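The following pair of complexes shares a single chain, chain A, combined with chain B in the former and chain C in the latter.
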Partner chain A sequence: MNTQVLDGGFADPAPQAARAFRAVMEAMARPGTIHCLSGATPPAPLSVAAAVAILTLCDTDTPVYLAGDMDTPDVRAWIAFHTGAPFSGPATCAFALGRWDDLAPLSAYPIGSADYPDRSATLIVAVDALENSSQNLQGPGIQNTARLSLPEIPAFQANHAHFPCGLDFLFTCDDRIAGLPRSTEVS
Partner chain B sequence: MNETTADISARKAWMGLMAKAPAARVGALLDGACARPDFKWLRPPEVGSVMVRGRAGGTGAPFNLGEMTVTRCALRLASGEVGHAYIQGRSKADAEAAALIDALMQTGQAATLQTAVLDVLAADRAALTKVRAEKAAATKVDFFTMVRGED
Partner chain C sequence: MTEQAYNFAYLDEQTKRMIRRAILKGLAIPGYQVPFASREMPMPYGWGTGGVQVSAAVLCPEDRMKVIDQGADDTTNAVSIRSFFERTAGVETTTSTAEASVIQTRHRVPEMALSEGQILVYQVPIPEPLRFLEPRESETRKMHSLEEYGLMHVKLYEDIARHGHIATAYAYPVKVEGRYVMDPSPIPKFDNPKLSDCAAIQLFGAGREQRIYALPPYTSVVSLDFEDHPFEASKPDHPCGLCGAEDSYLDEVIMDDAGGRMFVCSDTDFCEARRLAGHKGKDAA
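Now for the complex of A and B:
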């Protein structure tokens, strides 16, 4: 095993994880806002923001699905060492990690049930650009409208139609992260 | 690192010995055996608790006996070997020493450390077990029947 890949976790886990959690929570609570995450140096192709989100949110109870190019031995070893999270397919995962095209179709992920809408997956999507432009967002956490560059529109409208069930999304690009919960209307 | 079953059971044995060693003993033995090498933290020492499961009577289904405090850490030597430690108690210095020995046991210093540290720890442990067994044996009561009164 290449032991170099185990480098790059939090140096001071408690405060760094607390700060990262706050940033991820703000990103989810105010869709369309972009936040910076730092503190981890993951193996490629994992971005800093995606890696910090994984370190903060995942543990042994949250199966992780690695889609497409993300599924490398280095990424698996790094996530297993730092979080202990098991790996699974899309149907049983709590978090999925990958590029938008690799994560499709969205029907493969659990969206929760009427009794337990929280038993749904959160998709951590790696995007090439993350800007406050293009698509309009409306809904809880947004005063009037917000804008965010999304890979497409119909998938998020279909996901919003399932509310209170549905998937939540975190978009990551380098060290920046933005959230799109199921409650947000995209147009 | 492609470990065989024998390697893994040997590593289990020395990690188990250090996990159960008394406070500060592992560090003192390590300093007595060799100079501490340079290393880099992969996971700085952190204190937590683990659930201990066991068969209380020695038989039956395992159940949760209770939680115990555990300190763990992981480090990598400058030469590339990775050492892990999970030890009982909350001593971060002990965890560091145990992880260093775990890493050094994968290098050319394994034989030195085996005699200077691990064999000493094993002897300590055996002596402790013997003292406790003798103390228990001294209070043993043998019941025997003089007359059964069956006539």
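Now for the complex of A and C:
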């Protein structure tokens, strides 16, 4: 057995998870803002930010879908050991993890129902660059407009059109994270 | 010093993760009540078990916490919740609104405008604004999903028919981002305008009813009304007896058996800060 999977989790889970959650919450509450996460050393190709988000939010109650390159034995073993999260396909996952092209099509994920729009997946998207540039964001959490480099526009507009149903996104790049809830209008 | 017998901030990590996931979904769908597996807390229902669980899930060791009960920092509920988190989370506490990073509140919004980086946690008894009109959860859920809020307007209309004006004075229903009708918790309707376009994150926790909902910063929150009966953020028509403030929400205090009374700011920190700055009301000693 590869003993490396046993390392790289939170050294002091309660305060580290609390600080990480505050950063993730700020990211989701203020779309377009970029926050730093630290405290985990995951196996490649998992980024620090994605790994910390998983440690903070995932456990045995949240099926995780690993898309494309992200689905390696090391990553599976690391997530399984540190969170206990079961793995699933996209249709039944609570969290999905992967690069943007590997996660497509978005129609594969649960977007919640009109009665329970909260029963939807959160996609943790690994991107090469995360900057306050390119696309314009408007909506709750944004005073006037915000900018964020997104992989594309139409998919997020289609997702917003489902509101209050829809998917929520966390974009991760190295140790940085930004959020894009379904409520945000992208242009 | 944290009591070592407890995990940081009392709740176990799995419970906190569950609450944290509910908070994120609540922020993504402003005004929608997210069901969560509320835990039994070491205090009775009605004393803020929902707010305490939400606070426990967002608190960091570096936070400075303020707890208010009807605006006051020194009432039983506020004092006991403050000492609960001093003991179980080891966080600093304060009574100053400006210095606090997390503020848990029962039925008031501080007078001072909140800033980015602050979190306001509301204790909510009945999160469902339609509950007193329709007792069945299955029905109210359908009404929210169909955006069918006519019943709420009928209720406000009946107020006008009976009293000549909208008599609802607290827990006054609001519409969030033009979609969900939400109960702002039993805050006086004077506080309703403060919910809209607020720089802070606002989280609502209802422990017994097992619901969490949220308002991200700068969210549009509109109090329901009619064109010919517009919403009015009313308050007692007096200045504060202690600090003389004319723009703050007031409590009426009965002074004797002969009908004597005075009006004082409900927000004790706001009132104290004004008195320290030299403001003086007509009843001040």
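Everything below uses one rule, namely that the second predicted complex is superposed on the first by the 187 of 187 C-alpha atoms of A that agree within 3 Å, B and C clash if a C-alpha of one lies under 4 Å from a C-alpha of the other, contacts with A are read in each partner's own complex, and residues count from 1 in each chain.
The rule is short, and it goes like this: a contact is a pair of C-beta atoms (placed from the backbone, for glycine too) under 8 Å apart; a residue touches a chain by one contact, two chains touch by 3 or more.
Note that the structure is predicted; figures quoted are calculated from it, not measured.
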Just to be sure I read the superposition right, which of the two partners does A:T62 touch: chain B = first, chain C = second, or both, or neither?
second
Contacts of A:G141 with chain B and chain C, given as first, second, both or neither
second
Contacts for A:I153 in the overlay, against chain B (first) and chain C (second): which applies, first, second, both or neither?
neither
Between chain B and chain C, more extensive residue contact with chain A
C
Would you sort A:P13 into first (chain B), second (chain C), both or neither based on which partner it touches?
both
Touching A:M28, do we find chain B (first), chain C (second), both, or neither?
second
Contact-wise, after the overlay, does A:F81 reach chain B, chain C, both or neither (first, second, both, neither)?
first
Where chain B and chain C land on the same part of chain A: residues 13
In the complex formed with chain A, which residues of chain C make contact?
7-9, 13-14, 16-18, 20-30, 32, 34-35, 57-62, 141-142, 145-146, 177, 179-180, 201, 214-220
With touch defined as at the start, can you tell me which chain B residues reach chain A in the complex?
1, 40-44, 46, 74, 76, 80-82
Which of the residues in chain A end up touching chain C in this complex?
13-15, 17-19, 21-22, 24-26, 28-30, 56-62, 94, 113-118, 120, 122, 139-143, 163-164, 166, 168, 181-183
Footprint of chain B on chain A - complex, ascending
1, 3, 6-7, 9, 11-13, 81-82
